[in-house]
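Report on one structure; see the data block that follows.
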Amino acid sequence: MRIGILTGGGDCPGLNAVIRAVVRKGVTGHGDEVVGFRDGWRGVMDGDSVPLELASVRGILPRGGTVLGTSRTNPYAVDGGPERVLASLERLGIEALIPIGGEDTLGVATRLGEAGVRVVGVPKTIDNDLDATDYTFGFDTAVGVAMEAIDRLHTTGDSHHRTLVVEVMGRHAGWIALHAGMAGGASVVLVPEHPFDVDAVVEHCRHRFASGFSPIVVVSEGAKPANGDLVLSTGAKDAFGHVRLGGIGPALAALIEERTGREARAVVLGHIQRGGTPSPFDRVLATRFGLAAVAAVHDGATGIMVALRGTDIVRVRLSEATAQLKLVPPERYAEAEVFFG
Amino acid sequence: MRIGILTGGGDCPGLNAVIRAVVRKGVTGHGDEVVGFRDGWRGVMDGDSVPLELASVRGILPRGGTVLGTSRTNPYAVDGGPERVLASLERLGIEALIPIGGEDTLGVATRLGEAGVRVVGVPKTIDNDLDATDYTFGFDTAVGVAMEAIDRLHTTGDSHHRTLVVEVMGRHAGWIALHAGMAGGASVVLVPEHPFDVDAVVEHCRHRFASGFSPIVVVSEGAKPANGDLVLSTGAKDAFGHVRLGGIGPALAALIEERTGREARAVVLGHIQRGGTPSPFDRVLATRFGLAAVAAVHDGATGIMVALRGTDIVRVRLSEATAQLKLVPPERYAEAEVFFG
Amino acid sequence: MRIGILTGGGDCPGLNAVIRAVVRKGVTGHGDEVVGFRDGWRGVMDGDSVPLELASVRGILPRGGTVLGTSRTNPYAVDGGPERVLASLERLGIEALIPIGGEDTLGVATRLGEAGVRVVGVPKTIDNDLDATDYTFGFDTAVGVAMEAIDRLHTTGDSHHRTLVVEVMGRHAGWIALHAGMAGGASVVLVPEHPFDVDAVVEHCRHRFASGFSPIVVVSEGAKPANGDLVLSTGAKDAFGHVRLGGIGPALAALIEERTGREARAVVLGHIQRGGTPSPFDRVLATRFGLAAVAAVHDGATGIMVALRGTDIVRVRLSEATAQLKLVPPERYAEAEVFFG
Amino acid sequence: MRIGILTGGGDCPGLNAVIRAVVRKGVTGHGDEVVGFRDGWRGVMDGDSVPLELASVRGILPRGGTVLGTSRTNPYAVDGGPERVLASLERLGIEALIPIGGEDTLGVATRLGEAGVRVVGVPKTIDNDLDATDYTFGFDTAVGVAMEAIDRLHTTGDSHHRTLVVEVMGRHAGWIALHAGMAGGASVVLVPEHPFDVDAVVEHCRHRFASGFSPIVVVSEGAKPANGDLVLSTGAKDAFGHVRLGGIGPALAALIEERTGREARAVVLGHIQRGGTPSPFDRVLATRFGLAAVAAVHDGATGIMVALRGTDIVRVRLSEATAQLKLVPPERYAEAEVFFG
């Protein structure tokens, strides 16, 4: 068979592991030809492709990012986009397509599947917020980067008797904050799903100081206070009387400093959470996703994506898979609260 | 309530995370008193205990090993052992016991449960070979240590055009070898469950050399050749005409060197796989196990152990949990074989 | 002898290694009593101290931060401060003082030495900008954290074809940027000592893109453009017509994005550079500094600090040691420029 | 100019950093052509070479090993070897040669230099035992790998109350053991330069147990007991009545177990010490060595090698550089002894 593969959306540790697995399994196991499209759907629209042979994927397993490049191009948002995709697949003789990506990328895949293209998706979201799979690759690596940062910040916080606020990824779902905070021994974890009470946060910090240690506050970039905005009683405010100091992390640090009377500092981890070599968990998961995608293609499956359930790789309908976000449920958040303060 | 806790058998990254979670949840969440027994069942028999307060568990989350110490003592193998255990629990006013351990430790727990002690076990095996739970903590850390070693060995192997054999833990089950080998891009993975064909191993190594790279062979300590022993055609043999060069790793390296005509070296990872700070996955899993054990105790459960199923922590009967080993199934091994050579 | 020890200024990986070495060498080697002051000179002024025995320093070698706490308190800036210091030392029977710190902390030590206190300083600056020593501990660890971040960012940059700007510590001296940039394979390194030409930076980025890879720009927090401020031709400006987007890193990223027409992102590493476990180099250096400080005390030395020259630990006059900053010399910067672009 | 480059002897983290620096500096800075020889002197003899352009060295900085391959071939030990080397250099138009290697590789370079070839050597020994330079690259990485292993083993040792013996590289010089042991907080460090007293080692282990912690013994592979062989009073012996259990590490563990009456285990780190990504220190040192070698070539220097003195890269005569080993001096060993026990 002739199989196309592409990576779309934000990059994520493990993408290369999927690509390698698809090529190894396709070429060695089935005698397939594998074609890589550059920069996600952009490359499919433009017919910008490269043949992927065994030699093309040697040594890429431990490397972060994607050797194929990525973009956020959506053919359905481009005039004549879908037609160009179909023409391109036709011209290159692609019999099946394996798109690796998140909601947007797989949304395109869903529609192409409905249009008759044989598609088997591989889910990718570093935020782990896809309902149809227990975990997505990249998440464990991101949690690891954040946890190591927290490990480091404990000692500097304790030495200076100051609060440290760590802002991690997670616009809509707080999985990275929850897991990194639990793994790192954070004093407070704030996630988008549970608007936080500023007074309670300050109280946890005070309590931690009282125990002789310094608080670490882990906050998702998308976390929000329960009642309005963060407001400092003193200091610079914007035209609306609100303090806007970059993201939630720095804003929260400023507020905690004011309210506890002790120094607070913020660290915004940013892009280091998504780059670099994948963790063992992510390398194995990504590899198994790649293998399962090729198996699905050869089984004649289409309109599905591979997913993790327990220790098994299963197939789920693409249409259902991307239907809703997986948020941190109240009971998981409550479970973590015993460690606050 | 007054809860006793102990750690038995080989140490494992994550034990301290369980202990901390039990104490935090018990003391803060329920107002429990928690008593730690030293060195596993030995400490229970001897009434060798220490009160565990919040301060006792500060800072232990990221630390490997167990602050309680461990041993392989089995009260049922000691004259009057079970009676001493019961007397000790009575005297110390222990209302429930949380033993953290593997087959042996939980086997004792099972019998004590049948004898009327309220027991809620927490499974621990670095080999991940317990059938009742998707994963055990410590396993992910061990795989990570092995994977990093493999990552390092690739470059030294390629530079010298030599085979490197990595012997990892796994007496009966090959999970560490399978996952580390898949994550590290091994050329061959050998596990106890699937006796290996020496000729095939040599052939994979030759094939790898032919591609311009050097083979990495990952082998479980308990892996065995399918037909008899490893025999060198030349060189020193023991009284039985068999070559015994330490473990399977060095023996295999000697044989591969002889058969491929290129240098081969073995690395036996040993105890570095089980020491040191737990991975984020293991810290979260161990913490959740500890929380769930306390919850189970307060629910009045007994004779059970906590386990991971998908993303949920569930309860399973202790008697069933330790009934059989979880081995690498043929389909998981076959899945990995596409990467051989 | 009765020896006092304190840590002042910003924390730094290796402080605990110094403390441990002083205690081990003092107590075991010489039968000294060692007294630790809490939070730098603040603790000396207040007589806030703790006896340090062998058991007090067990297990602290691999830990970041300082078990003694730190502050920026300067007794000479406090009314009656120096008198309180002298009275405190008198009352506690301190015969010699080992202050560990940077310019400020050692400046106080210098003056106390001139006032008759026996002082042997240990230099500490994570920025490595002390002229009298080849290296200070903490620097190698900070470079390592920054380098690992750069390693991670390469793959995410290449996948998205975007520039990544990494802001590292270094207000006056660019050592961390220089070493981390050289170790991480940065496309441009900007340091405070060499005001940069914005056009040249942009040109290097373009050149890097042209080679098919994405640029990483490493910039010290104290680096400045050669001609005026960073100015965007479009977009939000402050009241003075200048763009102020947090530190130099985000400002530079915004400008590079505008000028290259490709996305750019900034990462500000912040406090994770100074926390956490020290690198092997720093553990050994800090340990040897501690040992040498005790030896100097017992040799009757005073008014000196220990320093690294080549592989030797030597003694230098405190007055000279803190006289001037060690900046990145033009030839070292020029050496790195061959890698730009 | 047309410059040849090769890597000989055992591989070492940082070799690729040297190669990259030579190519970047040569090609970009001077317009040189750089030719890489495969597998050390073997490739020079056979004229087995590859042009090294900027693209050839992209991405190799963080990679361990050597992209050129290596061997232990010595042309002076091969019939007609030197003639073949000279003919090969002639035919390929090589005007200067940069050999990267240890005693053997640079010994060949010395003789070729005397025979009129322009040679500028780059020193490489993971054991750090070259007298003419403060440090060699690769050493810091090896110490880091060993230190991380020791960090891990502390917790497993303490949990089981057992001694752990860690055997590290160092046949003639104990630098890795000394630095890793000091950085890791070992209870005993044994090096080849100072034959050890078995009774003292056992006494240190007992003392450590008495303090409530478990001993870590770090031993160079080349360390030897002061009086004869290691002899167990019981158990299997070889034909000579001596116990031979693999290397010194396992033998020592067996003996300590017998003499202390507590379990002891050995870990032989082996090849993981020399593979994998170089530490920041090593990447910077290797890069600077490469830059300095090209500068020396263009200055017309020959018969020299580059070396580190303090923070400077200097030039030393090849003939002197390889004249004698740098051993751990008694005062450095004595310095470490305060931590024993």
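Labels for the chains are A, B, C and D, by order of writing; each one numbers its residues from 1.
By definition in this document, contacts are C-beta pairs under 8 Å (C-beta built on N, C-alpha and C of every residue); 3 or more make two chains touch, one makes a residue touch a chain.
A quick map from chain label to UniProt name: A, B, C, D = Pyrophosphate--fructose 6-phosphate 1-phosphotransferase.
In this text the structure is predicted, and so the values were computed from the model without any measurement.
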item	value
Chain at maximum distance from subunit B, centres defined as averaged CA atoms	C
Separation of mean Cα positions, subunit D and subunit A [Å, integer]	40
Geometric centre distance via CA averages, subunit D-subunit B, whole Å	33
Inter-chain centre distance, subunit A versus subunit B - centres from mean C-alpha coordinates, in Å	29
Interface hub residues of subunit D, defined as touching at least two other chains	151, 277
Interchain pairs in contact, sorted by label	A-B, A-C, B-D, C-D
Partner subunit B, residues of subunit A touching it in the complex	24-25, 28-29, 54-55, 58, 61-62, 134-135, 140, 143-144, 147, 151, 179-180, 182-185, 211, 213, 277, 279-281, 283-284, 287-288, 291, 309-311, 335, 338-339
Touching residues on subunit A, where the partner in the complex is subunit C	7, 10-11, 15, 39, 63-66, 69-71, 145, 148-149, 151-161, 164, 246, 265-268, 270-272, 274-277
